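Next come two complexes built around chain A: one with chain B, the other with chain C.
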Partner chain A sequence: MAEVTPIRTAAEVALIERFEGLKNKLPGSGEIARGRDEAFALIAAAGLPNRRVEEWKYTDLRNAVREAAPLAERPADAAALVDKASAFAKADAVRLSFANGHFVAERSDLAALPAGIAVTPLAAALAEGHPLLAEMGKVAVAKGNFALALNSAFMMDGALIRVAAGTAVDKALHLRFVNGGASPFATAPRVVILVEDGASVTVHESHEGVGTAAYQANSVVEIVAGNGTTITHARLNAEQADAIALSTLAVTLGAKAKLTSLGAVTGGSLSRHQVFLAFAGEHSSLTLGGATMLRGRQHADTTLVVDHAVPHCDSRELFKTVIDGEATGVFQGKIIVRPDAQKTDGRMMSAALLLSETATMNNKPELEIFADDVQCAHGATCGQLDEDLLFYLTARGLPRAMAEALLVQAFLGEALELVEDEAVREELVARAEGWLGERA
Partner chain B sequence: MPAVQETVERVKAIDVEQYKYGFETTIEMDKAPKGLSEDIVRLISSKKGEPEWMTEWRLEAFRRWQTMREPKWARVNYPPIDYQELYYYAAPKKNPAPKSLDEVDPEILKTYEKLGIPLREQEILAGVEGAGSRVAVDAVFDSVSVVTTFKEELKKAGVIFCSISEAIREYPDLVRKYLGSVVPVSDNFFATLNSAVFTDGSFVYVPEGVRCPMELSTYFRINERNTGQFERTLIIADKGSYVSYLEGCTAPARDENQLHAAVVELIALDDAEIKYSTVQNWYPGDAEGKGGVYNFVTKRGDCRGANSKISWTQVETGSAITWKYPSCILRGDNSRGEFYSIAISNGYQQVDSGTKMIHLGKNTTSRIISKGIAAGRSENTYRGLVSAHRKASGARNFTNCDSLLIGDKCGAHTVPYIESKNASAVFEHEATTSKISDDQMFYCLQRGLDEEEAVALIVNGFVKDVLQQLPMEFAVEAQKLISISLEGSVG
Partner chain C sequence: MLQINNLVVEIEGKRILNGLDLTVKAGEVAAIMGPNGSGKSTLSYVIAGKEEYEVLDGEILVDGENILELEPNERAARGVFLAFQYPLEIPGVSTMTFLKAIMNAQRKAREEAELTTPEFMKRVRAAAEKLHIDQEMLRRGLNVGFSGGEKKRMEILQMALLEPRFCILDETDSGLDIDALKIVAEGVNTLRDPARAFLVITHYQRLLNHIVPDTVHVMANGRIVRSGGKELALELEASGYADYREQAA
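On to the complex of A and B.
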């Protein structure tokens, strides 16, 4: 039988040339450089993921990425770029800023870090071979993932954050990513957060585009949470409308730990947010949420893999997608329950609202179960606004547009309510209202 | 929740070791040489006395197949199959095409008798077997159809029911028009292989406005060693007609694996309805996972006309590996597709099964109810696609799939794909048992049933409804499964 020989696209060829040219200039040597080579070998062998690759079935990067943009240099006007950012400005937080993926010390509150929190810029950490780097890439189910491997090969900066045991901070940590430039560029920032036993921390992550040229972002945030930790995480994708934005959240959760994470998406021409979560200790719980608003020709993919490897853990997933115009929404969720993970309780729900005739939604909620004493459920729905509800509201005198907006807001609200920080929640609700306002 | 004892026992009762149909019939066979080549394809075609166009059709498929690769995406593992080590044609030597039942080799008749399949019309009419239910049977033994009962009576109603090889000779126009129109020659690796080497199967044509007077069925038996069975079924329900068809299958217990790669095509024109039921009981392999049938089947129905309906019901207990996705293409406006499945895996069985509901027409509806039960060291996967295309306004789907695990060495997986390109399409997929219908639940709860009982009552009542329409001969396994409780469902 004929073997198929892969033909490399222009973007793939460029990517390989870029890596060869850059690899000696990227920070880190020895073990780190070997890690980059290994990660890139995966990419060179498989090429860009396409619809034939099951995990990327609905997001064909080979087709979408025509050219591989060069890796961004540290912008000369980094501080000015950061100043253009507006997301989560009202929230009381310690800010760490990244411009085109590079850490911007002059716009980061390094001097005002609360006790128990230590931050090292990643470029410096890579150069010196920081011991915390050993915490990277621990989530088994994320291994071999394209976006993660690409970041591992090219990661140029970011931050290593250590939250010491027992620390309880009243201020949130705000990871502020700002992207902007006059010519196309690619980013590969990485943030590793080690939360030691008994600590609790709130992390806000915002991604904004403020430039003129299209860019390709690929950020990775890793959280390694010890026993008895509490982590709340909120994320906003307000990337530039022409950006391709890949992002990954990889989490290892210790025993009796609690994580809540919500991701809101409004930006990017093509975006994919991946969550890989591994339960490493018993009696932990996870709540994941998502609120995605798409219009025009946007394409947004949310992919998550929750790995129940130990018994007695709960996970809840609630994802809401509103699609207008000719946009496409994708939800792929996979819950794995390993043979020993008895008493697992997993519930996953994905709901999509199609606001226009030309909108598309692809749902793939997957269960993979090897233990017999568990409760797992998933649901997926997809449809348009309920005519009965619209009739009820219009009969009460609301104009149709307002009635629609109200219903969409209620639909998204269920997910947005997961955000604990009031200022951030209000901002996300306001952004949803703004998005609906533009629609009318 | 752990599985209840009753369920555990019932599943044990149909464990791989209890396989009742593992006997072998010694009979002289006429076999084609081992292996697959253009010559073998030509040989099969000439054995069947096929016209030139059919031979060409097969050769075209064979050439296509040589360029294809075996699909690897399903969650099943098996050692590579050497397609040159198989026999692609095996027919009973004595009188391979008998005119009447008297000419059929008595050994074969005995085999069917042992399997409990009535082939003698007079016996059936006299009520000797099967408690008076009249079923027309097409019995396929390895590569050929040995007998088809009630042909004459069906002919009076205008229904054509015969083996596909006979149809190719007698009704070439119908076959040419419809064969490969639902499952194209190059559809997938196994379907293409089947197109090249299929040896027999059933053909049904129900003319306009006719309600088929009796159940039609095919009984497949693999007997010969190292033989692949490749049957092809084609059912056409013309405007306003109705037909219910069922298939059953068994094979002897052997240490080596046997290959079964069938293609089933259903075509329902305007206002027609086809009901297709399967009780799949191929040899599942022994308790160590040795032997068993590889069941790689492509089944697809095309609701071509408006208001047409196709319904698939399957009870899957056999096969070492099942790879099968009975699908509906809902092309006609207001057409409806249904899929009801109970898949039980035990021992080392691997099941990757489900359905595809492809909504193309307006106001099309589909319903999927799937129950997977995994025990022993088996793997049971539901894989299903529901899609609505741009023009499928008002499409509706409801999917409910439950799985149950018995023991901690098995796995149950659910891989649904839900793709909607139309805003007015409403798709609901759920794997929770709490949302069947609030009204029904409320009614049951109000009458004092607890939630679990109520759910079991509602879903089982529903499935039972479908199962009870299977004729007695096929219902033995099915009956055992009906009362399996839903307790401990995991989605």
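On to the complex of A and C.
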């Protein structure tokens, strides 16, 4: 009998060759290099995730990624690239910039960091074997995830950020990811934020495409939040229209902590944003939300896994997706309530609005409950604009397109209103209006 | 101002309006009374341009122009206004935002300049005060959490701000207590004008004590079956609609 060898796609073969060729050049040795090997072994064994893998059922990367683009070098014109970015420019923030995944010191406010915040570029932290890197990769429900493993194997740069105990940062930290180039490239930036007990911090994260070539981004932000911490996070995906963009937020939340993470997605031909969150201490609360706007043949996936491992925690998820043209939206949200997690209060809602006959939404909310004294609910809706409301608005004189725009804005507004920072909220609302204005 | 000739309308294959004729002159307040299900709301929706109704025959002329092919917003720009029997709630759209959007959309359609914010605010405040609508209501989502009476007053507020030339009030009296009814009637009466016409649809005579009509039409089974002066409303109040149901059937 012939030996059974898995059939690899051209992209998978290229990925394996690339790792073998690069692994000795990527920053870090010892434990870190071993970590890269381990992560890559997962990828080599399973290949690119495809529709037969439950977690990736609606987002078939094997089919979408035909060629594995080479890992981006630090661009020669990194500062100029960053200067093309515009996201969150009005927000009062300290900026950390990344061009094609590489930290750009000359466009980062390292000299103006608020007291209590320390930032080390990740390439340097990896090279020196920074002790705090031991905090990476601790979220159990994220283990084995493809995008996270791929980033762990290839992570080339990023930032290691420490917010010292008790720090109350008055300025936001803006993680400004800018991608652009003349030929295809891949990125694997990683940002690790350690928020020590009692500290509070606001993090804005933007991803913008400013070049001409299609690229494959795969960013990971990890937050390890101690007890009594408050983290306010807002995120924008304005990736280039032909980009494939994977992103992951992995969080461990201590006791009496509060995390809010809200975002808007307008970019990418295919995008997937994943949130893995583990409650590690009691009496903590989580709010996750987002507004996704899709058209043409875009595909955007939001995948959440919220792990209630301890009692007395609350989680709220509210995701809105508006889909026009032949675009496809995906929402997969899983709330796990472990046997010990009594008094968990979890509510998850995903609502989609289809603006065309050819738009598609795949909604998969799931509850896995192993405790008996909990309150959990989830809902998923998918519908069209209400014709009676449209009639009411048009009968008052609004042209149909304006009436539709008003209703879509109201629909998305419910999620965007939750953004605390006024400048960021206004920008996200304006981007939603701009998106609506571009409807033919 | 409004002339309807032989209007025949169906919905889902069911005939609702059956060759309806109606004329309302500029400056006139015409009332339509009729039993539930006689087609009063259907008539108002068809004039305003609701899509789901199928017009099989007839025409609706506003100032001599047949409006049946026009979109609802184009009809609104020509001065048609319908105060809904059941105003809709629009969560996430603040009443102020909505008022500004509709006022400016109509001005744009008529090639008038947009209102400045202070001018807009001034007009809204003045009109809201007359209708006893407080500022807090204007900040809420349109009609969200409003009582039945508040919703009806909000319809009249929009009518006052848009200054339409042909106003249809579909059972604006239903769900109103006597005080609210007086406020609404007062709002309508101040808008009476030789250049403006009203079609006041009601099931009860009560509203017509406060908005005194020039003409009264009785509708049954999708037609106007009788027309007269304001005394007809009193007669109907005394005798009820039983005669008309039988006559039409």
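Everything that follows uses one rule, which is that the second predicted complex is superposed on the first by the 434 of 440 C-alpha atoms of A that agree within 3 Å, B and C clash if a C-alpha of one lies under 4 Å from a C-alpha of the other, contacts with A are read in each partner's own complex, and residues count from 1 in each chain.
By definition in this document, contacts are C-beta pairs under 8 Å (C-beta built on N, C-alpha and C of every residue); 3 or more make two chains touch, one makes a residue touch a chain.
Source: prediction; values computed, not measured.
Asks: Are chain B and chain C a fit on chain A, or do they clash, once the structures share the same frame?
Replies: Fit - chain B and chain C, as placed by superposing on chain A, sit side by side.
Asks: Which one hits more chain A residues, chain B or chain C?
Replies: B
Asks: Looking at the overlay, what does A:Thr230 touch: chain B (first), chain C (second), both, or neither?
Replies: The answer is neither, since A:Thr230 touches no partner chain.
Asks: For A:His378, using the defined touch cut-off, is the partner it touches chain B, chain C, both, or neither? Pick first, second, both or neither.
Replies: So A:His378 only meets chain B here.
Asks: So, A:Asn50: does it touch chain B (first), chain C (second), both, or neither?
Replies: neither
Asks: Considering only C-alpha atoms, give the closest distance between chain B and chain C in the superposition, rounded to the nearest Å.
Replies: Value for chain B versus chain C, nearest C-alpha atoms: 14 Å.
Asks: Between chain B and chain C, which residues of chain A are contacted by each of them?
Replies: In chain A, no position sits in both the chain B and chain C interfaces.
Asks: Residues of chain B touching chain A in their complex?
Replies: Those residues of chain B that touch chain A are 1-3, 66-69, 73, 390, 403, 405-432, 435, 488, 490-491.
Asks: Which bits of chain A are touching chain C when the two form their complex?
Replies: For chain A paired with chain C, touching residues are 387-389, 391-400, 402-403, 406-407, 409-411, 413-414.
Asks: Any idea which chain A residues touch chain B in the complex?
Replies: 1-2, 4, 54, 339, 342, 352, 354-384
Asks: Which of the residues in chain C end up touching chain A in this complex?
Replies: Where chain C meets chain A, its residues are 48-52, 71-73, 75-77, 81-82, 84, 87-88, 90-93, 98, 101-102, 105-106, 109, 141, 158, 162.
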